[in-house]
Amino acid sequence: MLNKDQIAQRIAKEVKNGQYINLGIGIPTLVANYIPDELEVVLQSENGLLGIGPFPTEENVDADLINAGKQTITMVKGSSLFSSAESFGMIRGGHVHLTILGAMEVSENGDIANWKIPGKMVKGMGGAMDLVASAKNIIVAMQHCSRDGKSKLLKECSLPITGIKCVNKIVSDLAVLEVLPEGGFKLLERAPGVSVEEIKKKTEGRLVIEGEIPEMSFGS
Amino acid sequence: MLNKDQIAQRIAKEVKNGQYINLGIGIPTLVANYIPDELEVVLQSENGLLGIGPFPTEENVDADLINAGKQTITMVKGSSLFSSAESFGMIRGGHVHLTILGAMEVSENGDIANWKIPGKMVKGMGGAMDLVASAKNIIVAMQHCSRDGKSKLLKECSLPITGIKCVNKIVSDLAVLEVLPEGGFKLLERAPGVSVEEIKKKTEGRLVIEGEIPEMSFGS
Amino acid sequence: MINKTVKDADEAIRDITSNSVLMLGGFGLSGIPENCITALLKKDISELTCISNNAGVDDFGIGLMLKKRMVKKMISSYVGENAEFERQLLSGELEVELIPQGTLAERVRAGGAGIPAFFTPAGVGTEVADGKEIREFDGKLYLMERCLKADFSIIKAWKGDTAGNLIFKGTARNFNPMMAAAGKITIAEVEELVPAGELDPNTIHTPGIYVQRIFQGKDYEKRIEQKTVRK
Amino acid sequence: MINKTVKDADEAIRDITSNSVLMLGGFGLSGIPENCITALLKKDISELTCISNNAGVDDFGIGLMLKKRMVKKMISSYVGENAEFERQLLSGELEVELIPQGTLAERVRAGGAGIPAFFTPAGVGTEVADGKEIREFDGKLYLMERCLKADFSIIKAWKGDTAGNLIFKGTARNFNPMMAAAGKITIAEVEELVPAGELDPNTIHTPGIYVQRIFQGKDYEKRIEQKTVRK
């Protein structure tokens, strides 16, 4: 089983040179730590920045420079600042190449739910609905099961959804899976020490297994 | 009869303190010369400037600073520069208080035609259609009659129109007229030496004359 | 150049009454009009409709207006980080319209730019689409969204001049420029107010035409929600 | 930071072929991509669709492309100041879609911003409305207008960096920023190209994400259509 940092590390391997990338709150934010230095990529913060840098040093903390998770950040060389309207223009217009975000549930046809538990919890959709409705390449970072052991990779989402037929790939603590265009989770890789049987048991939605399923590697 | 500069001079009397104003090409551009210094107003150029100043001196001519009529201009203190999308956002959004433009024809219900003579001449509508569809206060500067003596203040426009029911006031070489909400040109002022009879004769659309019609005054 | 200067926040918000529709700039606690919020809290008004991406935190920003029950309805994209907001929403004490952040930004932009409605893919197939017109363009589905306007837009900029021209700083820009254009009366508080002519016209983010009142704020706290530093 | 630099105009436009849809920045002769137009004139291509506010003058700018009969269709708001453009339009040799200037700006902006359609009051009751959906919002009539996109957007900025960030100058900004976002491939020529990091992020008009190729142009003529000076 992968911890949060390992999920982030595995997702970082999906990043390609020259991409503009939006990282959601939580595990997706950690992905930045694992993108190889030799790749030239630009991280977007949907509150109005292209070119997120590392966290600031104590003396460089600036209340006027935060990411979408409200964390203090810095800017890399070649950054640009803009309004929220411009930022979501970029997103809706398809200018961002890769979107990585968290989920509470994903369905086998690629629907995603991540903003509300009726009667219990409402975070709000923030920018997630715009991102998932617009992006062509969406990777979800999530736990395979809830704390009480229920699968979060479902036939259909039980929670209010954020977007339909939009998720391309999932990296969970157990596996890497592709959402097939015709529906179904195609198992691509197992987490170290996790068996195909365990993944089968913990995936409620249709799981597609073809041939030998390799164990993830984290080497480059 | 007024010459072009006198038409501009008369229109300048309509300007109020604190207004943002769009001046069209031709006579409207001349209005700027007659706005009293004590009025604080801002002139918009729809190609992306608020705060048009006087023409430049020879040594200050800048190819990157022109008005919508492609004339070289300067900026006053407190100007701002922006894109065409922002500029027409201002116009459509009702932020410009007064629009002054030329016309080939105006109808008694306030339609205006000023961009095309089928088969003969096409200037294009430029920004005029946006301006007349959006502005609440539109003053037209125009000749009362064509060169061959035909009235240009009509029952209905004969040329392709630029906008419907939008003109509030007309200052021609012969008169100042208000377009009534229910239709009709209400005669407000005569040009010096021009009789009500002459204006009647030269106005094809419904002319409304109530009481004594004063002669224009140009004093402040 | 037209002078938009007023003395302070109290003068700027003098005519805001109960039942007004307000837009308030900011994302998280970044770029929020602190002085005007403080002045609003002193006023005996309620039943406000507030349009703002979120509602600050429990004890700062719009969160304080929620606590004081001045707000009838919030139009926002995000509730997280504010327990009181979530509580009032879940209990039904507060009317809340939650909309996607990009749709919120674009609806406000449309309000200022004279666009009554537009189409966006965000929210198709979700409860956000309930009651909205859905239309296909080039094989993809979109929702029709209406523009948003406000009686008063209350925004915060870094620098401003007496003509109302504004420059924002960093990611504190966020919703402020669109809200500036979408308010019948737009009130801008700035950290530094300079005479017209001192800001480079080419670097202005919000042209003064959108701003009716401007003043130099004071005692900015600029509270940070999540201070994260390098190890 | 991603490096977008190409050598020159010829390299930048290398893959533009006949029948392409091009957007070209500029208003009058101000802010037009002179280097790229010169490079296009050397290529043996035709049947282009050009989206540009106007078409330069007879002997400069896009006017030269019209003269050489490279253009099948113009999408513009203004014909004046170009006799050849008006002649080809009136004779029917050139297909022309004339649209209100603000609608043009907004259609291009929508193309870059993922908005497939929007409503505008411009053109209601005129021939521009022919064949378009008309709808009433709050008692006023509006036309539905579709977005515009291009295979290649060719724009001109004042300063740029290798990451594609752009700053325009004066009123030469005009249509350039929206076109930058609406092109599948956006080519920017700039008067001064600097390394990424040298431009203040807060003063950038067009973020580099929209720009695929950038180069420093040369020999700018910047012809003035109507030189007017103070007496």
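Letters A, B, C and D name the chains as they come in the text, with residue numbers starting at 1 for each one.
FYI, a contact is a pair of C-beta atoms (placed from the backbone, for glycine too) under 8 Å apart; a residue touches a chain by one contact, two chains touch by 3 or more.
All of these numbers come straight from a predicted model, not from anything done at the bench.
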Minimum number of chain-to-chain touching steps separating chain C from chain D: 1
Chain pair, A-D or B-D, that carries the greater number of C-beta contacts: B-D
Farthest chain (mean CA position) relative to chain C: B
Centre-to-centre distance between chain D and chain A (centres being mean Cα positions), rounded to whole Å: 36
Whole-Å separation of chain centres (CA-atom averages), chain A against chain C: 28
CA centroid of chain A to CA centroid of chain B, Å: 56
Multi-chain contact residues (two or more partners), chain A: 49, 81-82, 88-89, 91-92, 134
Overlap residues in chain D, where contacts from two or more other chains coincide: 106, 109, 113-115, 120-121, 169-170, 202
Touch relationships between chains, expressed as pairs: A-C, A-D, B-C, B-D, C-D
Of all residues in chain B, those that touch chain D in their complex: 45-49, 54-58, 61-67, 69-73, 81-85, 87-89, 91-92, 111, 119-130, 133-134, 160-164
In the complex with chain C, residue positions of chain D that touch it: 106, 110, 113-121, 135, 137-138, 140, 142, 146, 167-170, 202-203
Residues of chain A defined as touching chain D within the complex: 18, 20, 40-42, 44, 49-51, 75-82, 86, 88-96, 134
Residue ranges of chain D in contact with chain B within the complex: 27-31, 53-54, 76-81, 86, 89-90, 98-106, 108-109, 120-128, 158, 169-178, 205, 222-230
Residues of chain C touching chain B in the complex: 1-3, 109, 111-115, 161-163, 165, 181, 196-197, 201-202, 204, 207-210
